[in-house]
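Shared chain: subunit A. Partners: subunit B in the first complex, subunit C in the second.
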Partner chain A sequence: MDPGLLAQHVFNGLMLGVIYALVAVGFTLFFGVLDVIKFSHGDVVMLGAFTALAVSVGLTGGGVTSSPLVLAAMLVAAIASMALVGALLARLLVLPLRRAPAINVLLITLMAGTVIREGVRLFYPQGSNPKPFPRLLPGGSSELGAFTLRHDSAILFAVGVLAIVGVHLVLTRTRLGLAIRAVAQDPETASAMGIPFTATVLATFAIGSALAALAGVVNGLYYSEISFNLGLLLGAIGFSAAVIGGLGNVYGAILGGFLFAALQTIGAVALPFASAYKDVFAFAVVIVVMAIRPAGLLAERSAERV
Partner chain B sequence: MRLATLLITVMVALATLPAQGKDTVRIAFIGPLTGGVSANGLGGRNSADLAVRLRNADAKAPYTYELVVLDDECKPNVGVQVATKAAADNGIVAGVTHYCSTVAMAAVDVYRKFGLPVIVWGAVLPDITYANDYKEVHRVNGTMINQNEAAARFMTGLRFKRWAVIHDTTDYGKGHNKYFSEDLARSGGQILGTFGVTADQQDFSAELTKIKELKPEVIYFAGLTPVGVRIRSQMDKLGVKAVFQGTSGIVSDAFIEGLGPLAEGVVAFREGAPAEKLPGGRVFLDAYTKQKYPDDPEAYGPFAFAAATLIMDAIDKVGPDRRKVRAELNRTKDYDSVVGKITFDDHRQNAVPLITRFVVQDGKWVVWEDSEYASGKRALVKK
Partner chain C sequence: MTSSVWPALAALVVSAVGVLALLLAEKQWAVIAIIIAAGAAMFLARRFDWNERIRRSGAANSRKVFLAAMVLVVGAAFVMREHNFALLMLCTVMLMMVAGLGLTLQFGQAGVVNFAGAAFFGIGAYAAAVFATKTALPHLLVILAGGFFAALIGSVLVLPLLRTRGHYTALITIAFGILFKTFLEVNDALGGPQGLKVPGFVLFGHAFNDPIEIDEETEWSFYLAYAGLSLLLVAAAYAFVRRLERSWIGLAFDAVRIDETAASAFGVNVAAWKIAAFSIGNFLIGVAGAAYAMMTGFVAPTSFTFGDSLILVSIVILGGLGSALGLIPAALVVVVLPEKLQAIQEYRFLLFALLVIVILLVRPGGLLPRALRDYRVGAPR
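Right after this comes the complex of A and B.
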């Protein structure tokens, strides 16, 4: 294969991987602190994208023409409001069910996701139709042989990677990160040591959901188009990525995100039959991985959950 | 002067009086009113509604008509539900049904079972009329067989030789792929690669990068507007330089709206002529504009209008009885409508010989012959 085309495939896969990883990290953070699976996460991604779109429509309609300004406002609005939504979902739906079987949390968040999705469909003007997402990043591209690198895609990739690095730094270098890790390891002991349990959990859900909002905006800017049901598949993929990486392990989620993107790309490129089966291929490999390593690729080493 | 006023008042009163004495007859309209292709569904709905309004305004009409509007969301399962709802309602005499081929395919059995005569107004899969012998199912628009034959002949006529095909894996996309591939082989074109994609797929970068390697001159896309928008937009991101050729499924204003300047130079084919070039097109468009509908009639609006008018003519003639209406519709021959003469063949399929070629020029679907691309001022392939 032409090296330029190979580079193109690799970059396509990396770009997908960043979006998946941003979503998967949320799943794994929530599981880490509370041992819950929050199935509304994909729809929070979508809500973040639509919040950004609404802000851009509002600002552009109000006469603001500066792209960086609009973009900054979109990001701030989407991230702040989704952080709030995430914390609210945790406070109102997840925490009260903490002592209930895990399946209840799974169900209640699944329903919350449906409410969010249908809410956008019904209340956003013409919400059922795909919406063009504004192109706010510089549009040029560099050609290296057969490899076309769009500058906006490169920026989006860098932003995604920076966000993931940022989360890593928060978790490892700050007091909040220490608190999150402590609660993840043992909530009772952490509380006994004076770490505020509820506040830490809410902060974790806020961070995860803020990442989801970023994923939504990156998704919108990358494809120049969003629709009300984009969270469905993205949620399923993000969850699978978190699971193959090892639920509860942030690096596992990142690895899982990139792995899933790689599988999809390989499925479409290298398989001799039609690319329509790329999702079938990717999910089938996930099943095989789960059968061989039930705890995921980077399973938590401590066995206290057994 | 006062006498004139009085006369007019009396005349208006007389004109409106008989309307109160008429029986009300209900007919159904089914199409995608929400979802990715809703623009086409709403245009069809408005056009059928327009036909009903015009008929109700006509004092000589023996019945007052009421249009029952149902949304099939372009989903087969929802389509079967609403088709059953309409067909099981004995008050509904006939229906103007379906834009999406997959939905029509799923629903025809329902109409057969309940004996509801329907006229398909937008779905183009041949099997809807040709894979069964249901006397209830008619179609005023043409099928994808005619469309692809004309498309293959026209594009090879422009000296294009190498194609890549992307089709969605529904009946619609697969059908187009089949007929276009066969016709293209006959016309001497070559297909370098065929890619099936799901109808809700978001990312096409892997497929398009593969296509980039194949270096086709034209990408033939068989599918509907939302996926068409995504593929054309991602072609640009990946630097795939090929002509984008679509089917009737992307001939909509929503396609251009979703792409902006990137839509320029996209070609597509559709049965029948554009509204303003149809025999009754001007009259139709003027009447449509007068009703101030918020959405455009879109490509298939005139067909929905013609179908509704044809049904009401049949009911006016034989009365609101499903069996009689079915028999009357079956007999349709050389019927004058806004889309030209309608004649149903032995499978109740209207023979529409005319295929119109479209190209997007300056944010509009322009008939090829009227475009600057045909006159040589612009070229599909930039040198």
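Right after this comes the complex of A and C.
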């Protein structure tokens, strides 16, 4: 294959990988502190994108023309409101079911995701149609042989990587990060050491959902289109990525995100069947990986207490 | 300790009349009145402690009540003999119950999560489409083939299912559901996004899709024949699942669900029972899918999405995890209400999702929670 074309595919895969990793890190953070899967996460991504879209429509309608200003307002609004939504979902649906079977939490958040998805479809103006997402980043591109680097994609990629690095720093260098890791390791001991359990959990859900909002905006800017049901597939992909990395392990989630994107890209360009089968291929590989390494690639080593 | 059959019979007749009225109601106010009446009846039953008496009477006379229920369904279908749409809904409820019974066996009894119910329903439907068009297989066998294929394709997932637990298992079925729907959409051999046509059911030379002519003027709906077929399937599936539940196999399922480690310590073969529950459940779901496809005459990938799997799961949760009886009201609520209440048609996914959230928070046992096993001497079975 032409090296330029190859580089193109690799970059496109990396771009997808960043979006998936942003979503997957949320899944794995939630699992870390509460041992639950919050399946509404994909729909929070979608809601974040729609919040940003609503803000941009509002501001542009109100006469604001400066793209950086609009973009900044979109990001702030989406991230802040999704952090709040994430914390609320945790407070109202996840924490009350702490003692219930784990599958109930999965179900209740699946249903919460459906509520968010249907809410957008029914109550956002013409919510059932795909919506154009404004192009607010500089549009130019650099060519290098067959490789075209769109500047906006490069910026999005950098933002995504920075966000992941930022989360890593929060987790490893701050008191909040210490609290999150302590609660993830052992909630009871953490409480005994004076770490507020509920507050830490809510903060974790806020951080994860803020990342989801960012992923939603990045996704919208990259594809220039969003629709009410993008969260379903993105949620399933983020969940898969977190699981193949090993739930609870942030680096596993990042690895899983890039792996899933690589699988999709390989399925689309390198394998001898129609590119439409890329998701079939990627999910089939996920199932096979689960059969071989049932607790993910970077699994926590733990014996189950009986 | 004998218990009279009358309380259960009375409850059955009242429910049957209510359901019949609901299916035939055309005015919105009538639908709403019936729903309010149902709510009032449930309130009264709880207020005067009828529930326990009905339950005991039903448990003590299960065979008579079962027969009575079948007679009532036949009677209701006969009353609706000229109403296509009402009969279609009745058939759909019964077939959804068959699928729900499969899911309840997996999910509620053996604890094997399955978020790909719609995919297995779809495998049954597509298998029926292919077998009925491409082969001369008798149609009763085509329906069994639908179930068989669902179980067969499901067996691909057995290895990953056995190796994983909890969330990881859920992911595998979710991934499979998405994979299946995407596969159908891009695959040309099976009609792609347009789907396939399915020929109607033919039994001993009688084509079910022909209206039943009684004389020159009267013509009965062809759905009447499908109602008979659906009743046969749901009765067989219900009796089968209930018997399984009450047998030592059901006990093994419960042990596997509640505590795998303890179960295996007591010599229960966890892997074998998980495989059994998963395959039998998929078989039932596939049978339901095959019958449904032949009834509606058409299959397309859009009917087998992840959202549809969630609807199936909602039926099981709504009725009460593991409760076969609870599937009846649950399937009625999920299938019939949105069709009858046009005001909520558009909002049905939203409302069901909210309903399941409320149930999980407030009444995790569902509408008719599964009763505990009662091993006292002489206890009603």
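By definition in this document, the second predicted complex is superposed on the first by the 301 of 306 C-alpha atoms of A that agree within 3 Å, B and C clash if a C-alpha of one lies under 4 Å from a C-alpha of the other, contacts with A are read in each partner's own complex, and residues count from 1 in each chain.
The rule is short, and it goes like this: a contact is a pair of C-beta atoms (placed from the backbone, for glycine too) under 8 Å apart; a residue touches a chain by one contact, two chains touch by 3 or more.
As the structure is a prediction and not an experimental result, all values here were calculated from the model.
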| item | value |
| --- | --- |
| Touched partner set for A:20, first subunit B, second subunit C, both or neither | neither |
| First (subunit B), second (subunit C), both or neither touched by A:236 | second |
| Touched partner set for A:146, first subunit B, second subunit C, both or neither | first |
| Partner chain(s) touched by A:276 [first = subunit B, second = subunit C, both, neither] | both |
| First, second, both or neither for A:129, with subunit B first and subunit C second | first |
| Subunit B versus subunit C as contact partner of A:8, first or second or both or neither | first |
| First (subunit B), second (subunit C), both or neither touched by A:197 | neither |
| Interface residues of subunit A shared between complexes with subunit B and subunit C | 233, 274, 276, 279 |
| Sites on subunit C touched by subunit A in the complex | 113, 157, 159-160, 163-168, 170-172, 174-176, 178-179, 182-183, 185-186, 261, 306-307, 310, 313-314, 317, 346-347, 349-350, 352-354, 356-357, 360-361, 364 |
| Residue ranges of subunit B touching subunit A (in the complex, touch as defined) | 34-36, 38-39, 169, 194-198, 200, 202-203, 205-207, 209-210, 212-213, 226, 229-230, 233-234, 237-239, 254, 257-260 |
| Subunit A residues touching subunit C - in the complex, by the definition given at the top | 31, 37, 93, 96-97, 100, 102-104, 106-108, 110-112, 114-115, 118-119, 122, 232-233, 236, 239-240, 243, 247, 274, 276-277, 279-280, 283-284, 286-288, 290-291, 294-296, 304, 306 |
| Complex interface listing, subunit A residues touching subunit B | 1-2, 5, 8-9, 12-13, 15-16, 121, 126, 128-130, 132, 141, 143, 146, 148, 150, 153, 223-225, 227, 229-230, 233, 264-265, 267-269, 274-276, 278-279 |
